[in-house]
Every structure is written in structure tokens, then in C-alpha cells.
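One chain, chain A, links the two complexes that follow: it is found with chain B in the first and with chain C in the second.
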Partner chain A sequence: MAEPVKDLNVDDLEKKQEWWWIAEKKRSKRLDYLRKAVWKKGAVGGNYAPGIKVDLELPTLFTQMYNWWKFDPPMLRRAKANAHVLDNITIFITDHAQLVGYMGSLPHTILWRVDGASIVNEELYNEPGIIPEPVEENLKKIADLNSFWAGQTAVDKVARLLDPEDAVKFLSGAIGWGAPTSAYGYSGKDYEFLFAKRNGFSDILAMIEERLENAEDRTIGTPGPDILPLYERIQNWEAMKVILEAAIRYANRYARLARTIAENYETDPVRKEELIRLAETCEHVPAHAPRNLQESFQYDHFVQMLARLEAHEGAWPARPDYYHWPYYNKDVNIDKRLTRGEALDLVGEFLIRAYEVGGFGPRWAREGLQGITGTWVWTLGGVKKDGSDACNDLTVALLQAARLVRVSNPTFGFRWHPKVSDAVMREVFECIRHGLGYPSIRNDPVLVKNAMHWHGHPLEEARTWVHQACMSPCPTTKSGVQPMRMASATANCAKMIEYALSNGYDHVVQMQMGPKTGDPAKFATFEELFTAWVAQMEWIMNTLVRTVNLGRYKDPEFYGRPFLSATYERSVESGLDAVSPVGERGNCWVTFFTWVENADSLAAVKKLVFDDKKYTMAELVSAMRKNWDGNEQMRLDFVNAPKWGNDDDYVDDIMIRCLREVARHSKEIKCPCGNNWPALPENVSGNIHYSSIVGSLPNGRRLGDALYDGGISPGPGLDKKGPTAVLKSCGKIDHVGDGRAFLLNQRLSPTQLAGEKGYQLWKAYIRTWADLGLDHVQFNMVSDETLRAAQKDPEKYQEVIVRVAGYSAHFVDISRKTQDNIIQRTIQGI
Partner chain B sequence: MKYKESKNFFPNPDNPQRGDYVERVVDPRQAYYKSRPVNADDEIPETAAEFVKPQK
Partner chain C sequence: MKCTECGFEAPVAKFRYLYNARIDASITLRQCPQCQAWLAVDELAGSAQQKVGPGEAPWGKSAGIEGLAKDAAS
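Right after this comes the complex of A and B.
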């Protein structure tokens, strides 16, 4: 068993592949301090770590002013309330920090957006351990806030409009998750507007002022229907002004604090100088476009924090090597204002500042995203708008910094394309070899085509894509950027086959959920079963999408995003809220959790019932109802039936047939922008969350067993024919036309991939992966030995990171069931 | 004691009746300075202890 010995030198540690100790030895003192200073916000096995407290300043300040401005229209009212927060919330500057900004009042606090959903608010009230001292007094404060918001949160308002049957089925928790509101948003940022076009907030304020003057002139001019929408838009532009001005004041508060520390408390002349530079940085951004790398990172971080003060953001779409590159290049290569080491410190801190971010999530979200508080998947690499390679020195610096700070959030998704240099690929591989589980590798040419196919993004815009959440590409352009993930369209797909075998009745939540598609015991052919499956699939997609569409349509009224709007070019131009579908091209997707179980289950039934006639449908349905109890030999037969991931056309053809049905339906259902809803199979840790919600299945699974780890990844241990067979199965999918993206988890042997030979083997694997046209793959490269040692002695392995699904987490922060599920994944020899 | 009587109160140049109250905090993981806006004439709550200049 490997014993971590941090006293060894770097060479010895490399031989032992104990990369976390190497990181500690190699990183600067500043990065070491800042990395260890971060409070871990991700829930550990579903529970918050000791010391983490919910922040009550923000909800209290917000509610005070929201109530005060009760007669204002929605966006203006929200802007004034959020401005009050920015003017009054406690701010802090951590020792040694060169970047600032957090959405809570103190480093150990987590954000609570009190205006999102009453059911979340009630859960917070009852969550042990996170109420700050004095507990009784603060519980009273929370109860008062909850009482004020009861019935008027964004989700409460949407729920009142939903068809009652849809609402009950959605809230059952069986068929999907999420909240149909931008309050729990995954907002994309209009990086083209803010960074490529170099607009600071003062520049945007000038644009708004011009629009306002023009609109006000028209509303006192010739009467006509054309001026009527302007009355409401004038209020929205006013709201954008209010929040941008408050944002500049907020940054100036940091500047003032930095100067105060430098001039009154700090005795170290070097730190004094840093604090003065920090003050100058916050005086300049976000008011003006950045002039150097520190200002560029700080501007970006302010934008992200301000968006997070406004809503509970579950994701962090970003492309740092692309948008910050001009400043890195100027500071490091042209002006030589920064050494590479100094720049690396800034890059590392930029990652740490993001890692620090955390908000309160309900238990289902904590279980589904174990160890983290959102999926911060930053996008690296790819191509520029003209199709040339976008990789640069900052791509490399980010990959190197990731190995030094070893955070589990943000992670990276790397846009691979044929022109990526060997030097960059080596840096990518080093991150994977160091066991980070990231970057995930994305096939850029395939995904650019995919963005054009599904949503009609023009080529140049498609090339700007970033990960909107774990997996889904979204442009960072005026008409492409998406203000919310439409997150409730997250389907628990295993219910499709479960309901096809139960006439739409859910035996776990004990209610009729899906349509009545016939008594499965009487199905005489596979086609009858498949027809029932198609109906259940369509019903689940329809129910989720209806809910999310309504939430999006009503969001400007029910929630709305004044700050986000003020950073979107299309909103600044139109005066419409960023969450309005008007002006957006549309970029929706239905996240498909627990997907592969469908193909494996259908194949098993086809083989054992309809082809081999070893069992009858009546026997199968009976076994399902009994959760296989008393039918163990039968269950093993179903486990041993053909399985996805072995290059076996018997089951692979069924997978493709299922996907084609989904793709057909994806074009029949439309988002509020009028665009398509393609499927995106992936899982985060929903496979564990849903293990007690999905009933027994014909792939041999029992109620309570973990589901597959997701996307198009074969079931753990069921891919028996090696990595090439896995790739060949996955290569049968059309990764452009069959869906939006397809997650593939692979475990590789750290021993086999050691040294130069290991790199060459991996590179050849990637070449095959690309040739087969897959759009995604991600790797775990930590040995069973290390993971089992970490289970036994978690204190010694605090920094071991694993890829869970669309995200990474520290291994000790995920549940035992998820840990076991990762260990069970087949280690592929390549 | 009123905020304006504390050495950790820094009045706003544009409005001396308001200002920042700065505190030094050392928590189990990190040390930091925090600041919040206050009214100069308000009483400092007992929980906001005066802090000592850090020793370097």
C-alpha cells in the first residue's frame, strides 16, 4: 500500500506518483498560503464541512431594500435591492491576496439567495451546523426572511402557473431535477462585449445613457404603438445604470480597504506595494477596460462575483486563455512587466479565487454534485474565430498552475483540434497524469459543427464556444450567449425504460407518472416494447421542457437579472432583460442522466425474451416488481446479456436507434427562442442520487444499486473488451446529429502511462478517439491502491482528486458509494 | 464607544458621518482584514473588538 511521505524529495515523490505533495513543494509561498486558506465549500458526502456558515448579510440587506422599493417594476426593484447589498455588505481582503471579491461577507460563508425558492429556504432553516452564532437569534432572522418570501420566490411564482399535474410530477423528484428560474442560473457571460470589445462599466453606462436619452425623447414625441414598449425599457435601462454604478462603488470599497491596510496596518514594504497596486486595480476595473493581466483577471472576477451576488450560479462558463491572453502577452512577453513566475502566481490565485466560491444548495443538489458547489468548467484551447489555433502561453500557464494549486473547482475542458502543438498536449497530459481528472478533452471540429447543426450558430460564433456547464458548448457572443442553463430540463432517463415496463406507473414514488403505454406483460414483440419506450421518452422530455420554457418565459417578471443584463450587448441595446428570449438564438439542451441503462436494458430484453425466448415478459415484469428477489439466476442472465461499450452491434444498434428517436423529438420540441432541445447524456453524481429513486431494471440492476457513471460511458466493469472497443461503440454515434454532446469516462493505468512512453500511448489513444469522431473523453488516472488507501486513511489523502462525471472532486469529499463506483470503473490498458 | 472614536474607523471623505470600520480577523484557515460601512455616531457593538496592530 502506498504511504504518503511528504518529506521525500520531488524525484522520489514523482516515482511514487504522490503529486499532491509535489505541488506543495513546487508552488510559491503565496500560492501555498492562499490555497490552504480556502474554506472548502463543497458538501462532504452531502454535508457541509464544520465551520461553514450561511451568509445572512446578503439576504437581509437585499430583503430590506426589496421591500422598501415595492412599487418599482421588477428589474428596477431588484437592481436597487442588489445595489444596497453592494454598498453595505462586509468585504474582506485575505493576507497575500492580489485578487479580491467574494459573494459572501466572510471567507467561511456560503451564499443564500433567499428569493429563489421557498422549498430551498425551508431546507436551509432546518440544515444543522450552518447557522451562524448566535444560532437562536439567527434562526429567528431566517424564519422572518422565509416568512417574507413565502409564496413570492421565483419558483413559487412559476409553480403557481404550472399545470398542477406537471407540477406534482416534476416535484416528485423522480423524473428530473433543477429549478425553472434564472435564480439558479448557469449564466453565460458576454465575453465578446466585455473583453474582446474592451468595454468597462463606464463605457456601458455611456451606451445606456444614450439609449435612455433617445427613448425618453421618443416617449414625448409622436404617439404611436412603436413607443409603447419603451416605457418599460426605460425602467430597465435605469435598473442597469443603478447596478453598474453600484458595482463601481463596490470595487472602490475594495480599493479603499486595500489603501487603508497599506497606509495604517501593513509593515512589510513589499506587501504595502502589492496593496497599493491592488487598490489601483480596483479603482480602474470594472469601471474601465483592463490595462494589464492583474486588472484583466480582477475585472473577470468582479463580473463573476457580481453575477453571483445576483443569483445562485451553478456554473462558470469562461475561456480564460483566450480573453486574458492579450494582457498576459503584453505583461510577460512584450513589456516584461511580469516574470513568468509572477504571472503564474496570478494565474494560480485566479483559480483559487474561483475555488473559494460556494453557495447553499438543497440536499438533492449536494448529493448530485458531491464535493463541489457548482460545475466551474473553464474552457481552454480551441480555435480563434478564423479557425487558427488559439492555444498560447497562457493556456500552458493555466495548465501548470492547476497542477500547483490542485483545486477541484474550476476544472478545465480542453478544446482539442488537429493543430494543437505537441508542447500544449504534453501540458494537458501532465494534468491528467497528475491525477486531476481534468482537462476533459473536447473535439473542437465536431463540436463547432454540432453548434451549427443544432442551434444554427454561424461558424465564427460557434468557434467562440465555452462550456456552459459541465459539457454543453455555448457561444460567448451577442446572440449566442445564454443567460440560464434552463436547468430543470435534466432528465432521469432510466425512468424511460422503467415506465415502459410498468405502464407508466412509478412503483418507487407510487403514482402514475408517464402515459399508459400498455401492460408490458402482454407485449408480444420487441417493437411493442420499443414503442412504449419512445412514448415514455417523449413524455419525460416534454414534461421537463414545458416547465423550463415557462420558467424562462416568465423570468423577466418573476426574477430577472439587472446586472447580467447590463453586461449583455443585446440587453444594453434593447433595454430587455437578459433572460428575455428576445434577441437570443437559443442554445438549450436536455441533460440526460442515467441514459445508457436504457440501451443495455432494451438489449437484454430483446435478447432473452424475444430472441432467445428464455424468459417471458410476464416473468420479467414479475421479477421487476420483486426487485429481482428470488430471481438471482435470472438477474445474472440479464447482467450477462450484451452490453454497450464492447463494440457489439447487437446492443450498439439499439443505442443508436434510441438516440435517433431522441434526436427526432429534439427537433419537435422548441425553446422560447424557437430553437431545438437536443439531448446531452452526462451524469455528474446523479447516478448515486438516483440510486434509491430508480427501480429495478432489466440490465440486472436492483433498486438501491448505483446507476452507471453516465453519459455514454459503459456500466462499471461491463466494458470487457478493452478501450478500443469502448471507442468503437461510442464512435457509432453521430456526435453532430445524434445529440448535443456525449460524456465518456475512462480510467487509465498510471503505471502504464508513466514516462515518455506513457505520453506517446495516450497521444495515440487521443488520435484514435478523434478519428472516430467522439466529442468528449475524460480520464481518471489514480490507482486503485491509492484510492483504497484514501478510503482507509482519508486524513492522509486530503488532496487526491478524481473525476466524478462532468466535474472533479477531492476523493475524500464524495460519499463512500460514489468512491466505490469510481473504483469499480474498469482500468483500461491502452 | 462610537465608531468615530475608534482608530479603526476611516471616515468617508465625501461624507464624514459615514465611513469604513476595519477589523483584523484570524480564523482557523486564514488571516484577513474586513471592512463594512458604518455611521460615525453609532455605538460599536461589543462583539466588534478593537484589534492590535499585527506584529511582523
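Right after this comes the complex of A and C.
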């Protein structure tokens, strides 16, 4: 491939499909500066980029005050410690920025929540390259912090309560990942309370004050059991007050800094004016409800930063085109206070500020989320509560800004429905054609129905849904919003079939993990194997869900979320921690990593052992134990057995049967709110992380090989019958009743989809996808040629983005194994 | 199997298995226990095809040795 030439004009670059150079040429000078000035926080492969340092101000300030208030109850103690951070942490304003707020004291720093887990703290101490200068002095500081927190982090406390056998099996890393605490959870935001009802922090403080006065009056009134819970709730309300007042002071610190720069240092009159406007913005929000687009974005960003200063949040549920639309409409269309170009600059910067966010994650998280620091999947499109189309000019502006700034975080999930206009669909397609890998396309009518089916959300509530993480819908309402989706309900599903073929023994971690379901060499029928598989599936789901349920139940005591609680309507009303299950409908799901391997493996065994009788179970088990070594022809036979994604009922029926067993069990297990735990197959880059943890499988995979790229996507290169066959296989799944959502990766040819004809082809494909009732699809539209060129010469292809799984990443930031896995995916001609 | 780099000979299984992302091809990546070279190995023939340098891919469609395994997928 010819070298990329950034000196070409836009037309020539479009012909060459080098969209990253086009973005540079088309974006404003401000956006260009801000995009290039931002530090990359995602781990490259599994390591932080040079120059990235862990921030020590926050853990030091937090620990000082946490220790000082040692006799306070959990939420109040944490509120005071976090308030101390907000009052004292170093703040900065990036040149040319119109939005402010970060969780670290400097732009190149990453957040470290020292109170989350001792095992993470120890890993941080030993992580090379991220300790700031002077290294020796700071290592001593980290060691002192780790000593203080040893035994009293959130995970340390939960681990002491877990059944010891569960704890050992969970911590083996073989069957799941994550930590059962909101210290590392994904918290939904009550956007209806903050934005739709237009409540600034001063409004919320007034509500809390009223509740407090009422409760205090009652506690000095007539004695009775009804007043007993109030003593604890009064302290929680106090905690919410402390943190909201601190948050307003924190914003005012930015206002003062902006004014100081403007009045004393800035010589450019235009920038001076911008800084004054920034100061006025931070003086107004979050204290009060926003009045314009800049304030609206700033308010949202403050809420997200403040929640991230309180916990290591792994996701970013948001619906910006819906909640910021009134302000965009007022500024751009009604008052004409902003030109569309100026608004686009603000929108682009809003994306960049989110891209800037990063926290320290342990190695498993960095390997499993290569290239990013969390799954910031923002939701666009969809319907309003009344069912009408919610798309607007801001939807379009967000899609256009994404193509200009080309960040890999946040990405978008687009809620498709039949009333979406052609103009909006074209903007969606342009993002995909530009190789961003996003938006993913979500089937809104199916997912609204799904939310009602699994969790009983009323229709209007279900229609507010946003992506809680990569995939799972969660409403943004008082009873629907979920405060803590803990990643530890994430199952490494390939272990289900592996354990069914090993009597529950794990030959990789070398211990008995699952139940003893019988010597597989003696299975005489497929039904015996399937029964063993069901038992292993139930055991894995049970073990993970037990762990998360306990973590969720104890979280208000072991961790506590004063800021999050202060932004939840139900917590402000009740005085309970946001993580308390009281007042929440419940919206849990079990993420199913490495799922399709089960159907492909079961089908291969059924075909070759029980139907064709070409091999015996004893021969298969023996080959598995040897990682297929010396059995290459046999391995290829198992690879060539029927595979998912080819519209072949032989294997597709097995997939459906497996899913129906899971769906049955999903209704037997319950969350702390009493609601169901449906499955959600998707992978992030767990297929690479687990490649050295999952043993050999009857689909022909060896220990060490990448697993499939996830969800219900066929194995890379195994979908040989074309895109319609893939859709037909996936369409056999009931996308409402069989699980919470189902990720589907597809690669399309950028050459075929060029021009108007390409758009029409893609639109017809989406129509078929929708008609078949699938709930998700996402696309990579970057050629093998470009990806190979990027492998050979990464410096020249820094901005090439690919869809990994539920997220996008810059191609050069993911490991070689992951790169290869993406290249091997079939490019479908449509 | 004989290492194409140092000539070390041993059964295939003695060469450390690394990975094969292309499940339907019998080209894998293994490491010579003597010289540590990464080798592209034809598992059916039990022979090393070539050395794979750092940063190069062992099979199929990836950069480095694009032609070693037939690209059946696209």
C-alpha cells in the first residue's frame, strides 16, 4: 500500500479512504489543538503509554481525611474525605478549552482509588513506569498508603465474608473477572432527576435540607420503631450535603482559576473573553440547572468527574443528544447565540474531555480492555417516552464531531427504530464508513420489549434506556437507574464446555472447580454430555452471581457513594445509599464472554462422536489433554464440523437449546432487588485475555489461541456462507426472551461500500437485520490492506480505529494477538 | 521437527506452542527451545516453515507472512 500522504487534498484522501488525515484537515484549529493535546490513557497492549503517571494527590488527601474522621459512619466519613480532595487537589485548565474538570491533578495522570482493593494497590506499587518522580520517595508514599488500607479496602472486606471456596475459585481468575464492589462498578446516572427535572445541586441541597429537618423533628418526637431508621439516614443526608457543597466549591475553584488567568495572564482578547465565560459557567453549574449548551455540557462533565473522583467507574452511561438537546436547540436554532460551527467545537471538545479520562486498572483489566480505560458507550437516537423519534440536530452534530476528533472513547451506540430519518442514517453510516467502528446499531423496539420482559420496566421507563456499559440497556429514571453494575458477574463461558469434558476439573489452574458431572470418556450419549454442560453452566452463573449479590448488599457499609446518592432522586428522598437495593427495580445481567465456543464445541462432539462415530469420547478427551498435539487431522475434522453463523440448523438448534437453558436459569437466580439475571453474550477483548486460561476445546481451538471475538459472532473465518447466513443464524435467537442482548461483530468491505451505492447496500442490510429481530450489530470497515500496513508501520497509522468488541480502539494500541484476531474476521460482501 | 534458524531437532511438541488465531488453518506459531526463535509451523506436516521476527504475524491474512495459510475466509 502506498504511504499515507497528509498533503493530499480532501477529495484525494477520500478516494484513498485515509479518513484520519481528512479529520485533521476539516476540524477547527481549536479542536485540532485539543485533540492533539490530550494524553492517551488507554493501555497499549497491556502497558501504559510512556509519560502516564499515577496521581498521588487524590489518594494522599483522601487517606489523610479518612483517617481523621475514623469515628464517622461509612458514607459520612467518605463524604468528608472526598470533600477534602475537592477542596485541595490541583486543578488545571487546558489551553483553548471551554470545558474543564479532570480526576487527576495533572493532564497526564491517572486516577488511583486507593480504597478499592489491596490486590490492585499492590499491583500498582509493582507497575513499572507509572510512578511519578522522585520514584523512590513516591514508592515509599505508596507503600505507606497500601499499609494503611491493607485489610480495609472494599474488596478486602467483601472477601472476608465470601464462602472460602467461592472466594478461591473466583480469585483464580478462571471463571470470571471484576471486583464485587461499587469501587469498580458502572454507575448509571439519574439523568431524569438532574436534567429532565432541571435540578442543580442547590436545588438538591434544598430538598435534602427539608428531609433533614423533618427527620430531625421526628427523632425528638414520639418514640416508636418508625423513627429508628432515621438516625442512620440523617447521617447519610448529612454526607450528601457535605459532598454537594464541596462539589460547588470545587467548580468555583475552576471559576477563580479561569478569572485569574483572564485578568492577569491572558493577552489574547478573544481567549480572555472565553475564560471569563468559562468562569461564569463554573459559577453557575453545578450549583444551578444549566441555561445554555456550554453550561449543560459542563454540568454533565462535572457530574461524571465527581462520580469518578468517588469511585473507579468502568463505564459511562449517557444519552447526550437527548438530555442536552433543549440547550443546543435554544443556543443554535432559537436564540442563535452559537453558530453551528461553534456548537460543533463544543460537542467535539465534550468528546475529547471524556477521552481524557483514565484510571489505573490491574493487568487483567488492561488486557481485557486494550487501548481504552473503560467502556464509554454513549447512547444516541432512540425514541422519547411517548414513542416518537428522539433524533435531532444534536444527534447529527455528535456523529459529525466524532468523525472530526476520532477518539476511541467515548463511542456511540445508536438506537435504531423504524422512524429514524434517512438523513440521520446517512450520518451513522458515515461514521462507520470512516472506520470508527461505531456507532453500534441497536434495535430499539426489540430492546424496549426486552427491558420490560426481563426486569419489568414500565414502557415509558424502558424507553429512556442508555447503555449501562458496552451493551446492556438501563433506564435513567428514579426506579430504573442502576447504581452499581459490578463487572464480576462476567462469566468465562468457554469453561462450561471445558468443565463438562473434564468432570469439573480445571487443567489450567489445576484444581477442582465445577461440580463432578461424570467421567466424560464414559458418556454414551449426547444427552449425558449436555446434562453435564447444563450443570457446569448453572454452577458458573451461581458462583458469580452469589459474589456480586453479596458485594452489592454490603456495599453501602463497605464502600458507600455519597456523591452518587446525592444525584439519585430515590436516595435524596429516602436517605439511603444509592447502592442500596431499596427503591430500585433491578437491572442485572451476567455478561457472557467466550460463549459461542459452547455451541460449536457441542455440535462438533455430537456430529463426530455420537452421530458419525468417527471418534470416541475417550479419543476426544485424550486429544484435549494433549492440547491436540499429534492430532492435527482430528483437530481439523472438529474445526470442519458444523459451525454457528452458517444458517445450519444442526449447530443453530444446539445454540438455541443452550440459550433456553440459560434463560430458564436466569429466572431462578435473583439480584438483591429480587429481579432476574439474564445473560448477555459479549467479549470486550476478554477473548485474548482468556486465551491462556481456557484449555483446548472441541471446536478445534488449542490452549493459547484467541477465543472467538464474542457475543453471538461466529468464529473468525468460520462464517463461510455470507452475511445473510450469519443474520439468519442469529435471527433464530429470540432477542427478547433468550437473553438481555447479543453482540454481533461484522466486517464489511470499504471498497464495496463506497459512495451512494454503498450506503444503499448497507441500508438494505440493516433492514434485513431489523426484520430478523436482532438487537445489535457493529461493523469494522477497514481493509486488510490498511490493517496490515498499520502492523508493519504503526507510526504512520496512529489514528486507525477498529471495533474490538463492545468498544473501539486505535489499532496500534491493541496487542499483536488481538490485531491478528481482528484481521482474521471474515470480510462480508453484502 | 528442525528449527529453520539453529537446526535444533526435536518432536514438534518440544517446541513451545504460542498461538494460532486462524482456527481453520494448520499453521501455528511455536518457539524453538534452543535459539528461542519464533517459527511458523505446518502442524499437518510437522515442519517449520520459516522464522517469524518480532512484530510479524505467523499466518494467514496478517502482516509478515500473508501467504502461508490459504485465506479461505475472504
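In this section, the second predicted complex is superposed on the first by the 829 of 830 C-alpha atoms of A that agree within 3 Å, B and C clash if a C-alpha of one lies under 4 Å from a C-alpha of the other, contacts with A are read in each partner's own complex, and residues count from 1 in each chain.
By definition in this document, a contact is a pair of C-beta atoms (placed from the backbone, for glycine too) under 8 Å apart; a residue touches a chain by one contact, two chains touch by 3 or more.
Not measured: the values here are computed from a predicted model.
Q: Looking only at contacts as defined up top, I'd like to know whether chain B or chain C touches more of chain A.
A: C
Q: Using the superposition on chain A described above, determine whether A:93 touches chain B (first), chain C (second), both, or neither.
A: So A:93 only meets chain B here.
Q: Once the structures are superposed on A, label A:107 by its partner contacts, choosing first (chain B), second (chain C), both or neither.
A: first
Q: Per the contact definition in the header, classify A:629: touching chain B only (first), chain C only (second), both, or neither.
A: A:629 sits against chain C, while chain B stays out of touch.
Q: For A:674, using the defined touch cut-off, is the partner it touches chain B, chain C, both, or neither? Pick first, second, both or neither.
A: neither
Q: Shared contact residues on chain A for chain B and chain C?
A: none
Q: For chain A, which residues are in contact with chain C within the complex?
A: Chain A residues touching chain C: 626-627, 629-630, 632-633, 635-636, 639-640, 691, 699-706, 715-718, 720, 784, 787-789, 791-792, 816-817, 819-821, 823-827.
Q: What part of chain C is in contact with chain A in the complex they form?
A: 12-13, 17-24, 26, 28, 43-44, 55, 57, 60-64, 66, 72-74
Q: What does chain B use to touch chain A in their complex?
A: Residue list for chain B touching chain A: 10, 20, 22, 24-25, 27-37, 53-54, 56.
Q: For chain A, which residues are in contact with chain B within the complex?
A: Contact set of chain A toward chain B: 33, 36-39, 51, 87-95, 105-108, 253, 256-257, 260-261, 264-265, 267-268.
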